[in-house]
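Paired with chain B in one complex and with chain C in the other, chain A is shared by the two complexes that follow.
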Partner chain A sequence: MTDPQAVLDRVTRVAGVRGALVASAGDGLVVADQLMDGVDGRAAAALAGSLVGRLVRTVAGAGRRPPAFVQLRAERGSILAAPCPNDLVLIAVVGPDANVGLARLEMLDAASRLS
Partner chain B sequence: MRALEPWVELPLQTFLDESSARLTLLMTSSGQVVAQHGFSRSLDVMTAAALGAGIGASTEELARLMGSPRFEALVHHGARQSCLLAGFSTPRGRWIGLVVFGPETSVGIVQLFFDRMVQELASAVPRDETATPTLAENFEHELDASLKALFGR
Partner chain C sequence: MSDDIRTLTTRLAEEPTSLAFLELAESLRRRGQLAAAAKIARGGLGRYPGLADAHDLMARILSDQGDLAGAFDAWADALRLDPMRTGALKGIAFLYFRAGDAAAAADHLQRAAEADPDDASIAQALARVRRESLGTAHRMESRPTPAPAPAAAPDPEPVTVVPQPVEQPDRSALFAELEGGHGLLLVDANGLLLAGSLPALGGGESGDRVAAQLAGVSREAARATRLLDLGTWQSITAESPDGHFVLVRPTGETVLLAAREPLLPVARVALLAERAARAARSWLEQLR
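What follows is the complex of A and B.
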């Protein structure tokens, strides 16, 4: 498995990304993070981890494959999440002006490296 | 949910709503119950409070022996339910929270909203009242009164 910090480096280099972290989806705890000041990684890990866990269970209940990428868009930015193997989830907190498309590509690539 | 003091109710109810905890007990470090949610029998509350206070005292002593500051939280992970035991400071002294939760939530969520409840309790405590220490001769009477208040009988 690639070092989580190296994976986070690539994600946080994308314009508009305010922070990225790897969390344990089941526990909602931070495994590794790279965050700007003012970004609460603990809250992001707990809440996004819980959201992704529920989404995975919901689609499994509907007989569908688990989501590869989740974007939760809000007024002042988005939360991006990419479920990874081993019950990990890669999360990015991005501002409204972020290049979400590039962030998505980097996150999907990073998620595959974490497997 | 029942609390001995009304100012505890809102922070505790917010925590319960956000965390999906199954059982919650707030007590002083000496084991006096302040509030409870989810317990149906007073005997269970008394037992849990005594055990929680005992574990809190043991871990504080263990931390002292190891020359480290006190442990903030202890989490037991179980297959069907887990338990968080965390001590925290309030203007009314050191309190302990005991939270039992299941797989419908996560330890991250419980810890996150527990810490927020601690902050809300600190700002909700009435400043003009001073806590009166429980004297040994009044302890049994106060324990009975507390349990009646917590269980409404």
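What follows is the complex of A and C.
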């Protein structure tokens, strides 16, 4: 498995990304993080982890496989999440001007290397 | 009065806040003392409105009393509190079955079977509903007259009254003009399906099952974006290898899910969700 910090380096280099972290999907505990000041990593991990879990159940309810990428878009930015197979989830908090497309590609690649 | 009912009555009198009301009301229901059972259950529900068991119990009593609309609501309340509660899923399946909607009955029983795979009675009920459904389809093909209503319930629980058929609203009509109307769900804050349909990948309808999972999702998203200082949430997208899902918020109390096959780009699904949200807002305003 790739070092989580190396993975986070690549994600946080994308323009507009305010922080990224790897958390345990089950309990929302932070495994590794790289966050700008003011970004609450524990809150991001717990809340994004919970939301991803709910979406996994929602999609499963429709007979579909779990999502590979999730975006919660808000007025002043987004929370991005890429679930990993080994009960980890890669999360990024991005500003409104972020290159979400590039962040998505980096996160999907990183999630595959974290597995 | 039997010994067990006397004992439970004494226990409840000594500890009015205990959960003994569940057992007492169920014992009374089984003995056919439905008015007494309903009174005990209502008292318990007043003290424990967040207890799924209490709503499930109330639904069984109401069903025995012939109040099927009340039973449906009570089981829906139980599912809101516990989306995988097999008793409530079986109860609602029973009501759908009696109303002649075998597909909806099978869908709820399928959910119950997924929640409790070891319960043989659910598998038996599911098989029976599917048999009846097939039989009805064959009769419909061979004769132009409507098939007779099913005569027996799939649920082994003793439920006594034969109801009038329940009118089922056409929940797909709202979105009929939006690219076929399928794959769009309007859901209230409690996870109850207001309109729309969502075919499951393996066949059948999954709208109710998916809606139940969306209970409280808006609050959860709002909490996440507030704590991270991102403002009001606008949409949630989920990309599965089997489909793209976009969730938006037509009103503060509802969410709308748009689901499409993965060949359709997420941005297109988001546009569809926005159009459906506008239609849903108009529809909700008309209802008010």
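As a working rule, the second predicted complex is superposed on the first by the 115 of 115 C-alpha atoms of A that agree within 3 Å, B and C clash if a C-alpha of one lies under 4 Å from a C-alpha of the other, contacts with A are read in each partner's own complex, and residues count from 1 in each chain.
One rule holds for everything that comes next: a residue touches a chain if its C-beta (ideal position, glycine included) is under 8 Å from a C-beta of that chain, and two chains touch if they have at least 3 such contacts.
Bear in mind that the values here come from a model prediction, so they are computed numbers and not experimental data.
Annotation for the three-chain superposition on chain A: chain B and chain C fit side by side. Of the two partner chains, chain B is the only one that A:Leu29 touches; chain C does not reach it. Chain B and chain C, viewed from the C-alpha centre of chain A in the overlaid structures, lie at an angle of 70 degrees when rounded to the nearest 10. Look at A:Thr2: by the touch rule set out above, it reaches neither chain B nor chain C.
Contacts of A:Ser50 after superposition: both chain B and chain C are touched.
Between chain B and chain C, it is C that contacts the larger number of residues in chain A.
By the touch criterion stated above, A:Asn86 is placed in contact with neither chain B nor chain C.
After superposing the two complexes on chain A, the shortest C-alpha to C-alpha distance between chain B and chain C comes to 6 Å. Comparing the two complexes, residues 43, 47, 50 of chain A contact chain B in one case and chain C in the other. Chain C meets chain A in the complex at residues 198, 200-202, 206, 209-210, 212-214, 217, 220-221, 223-225, 227-243, 245, 257, 259.
Within the complex formed with chain A, the residues of chain B that make contact are 105-109, 111-112. The residues of chain A lying in touch with chain B in their complex are 23-24, 26-29, 42-43, 45-47, 49-50, 53.
Residues 38-40, 43-44, 47-48, 50-51, 54-55, 57-59, 61-79, 93 of chain A are the ones that touch chain C when the two sit in their complex.
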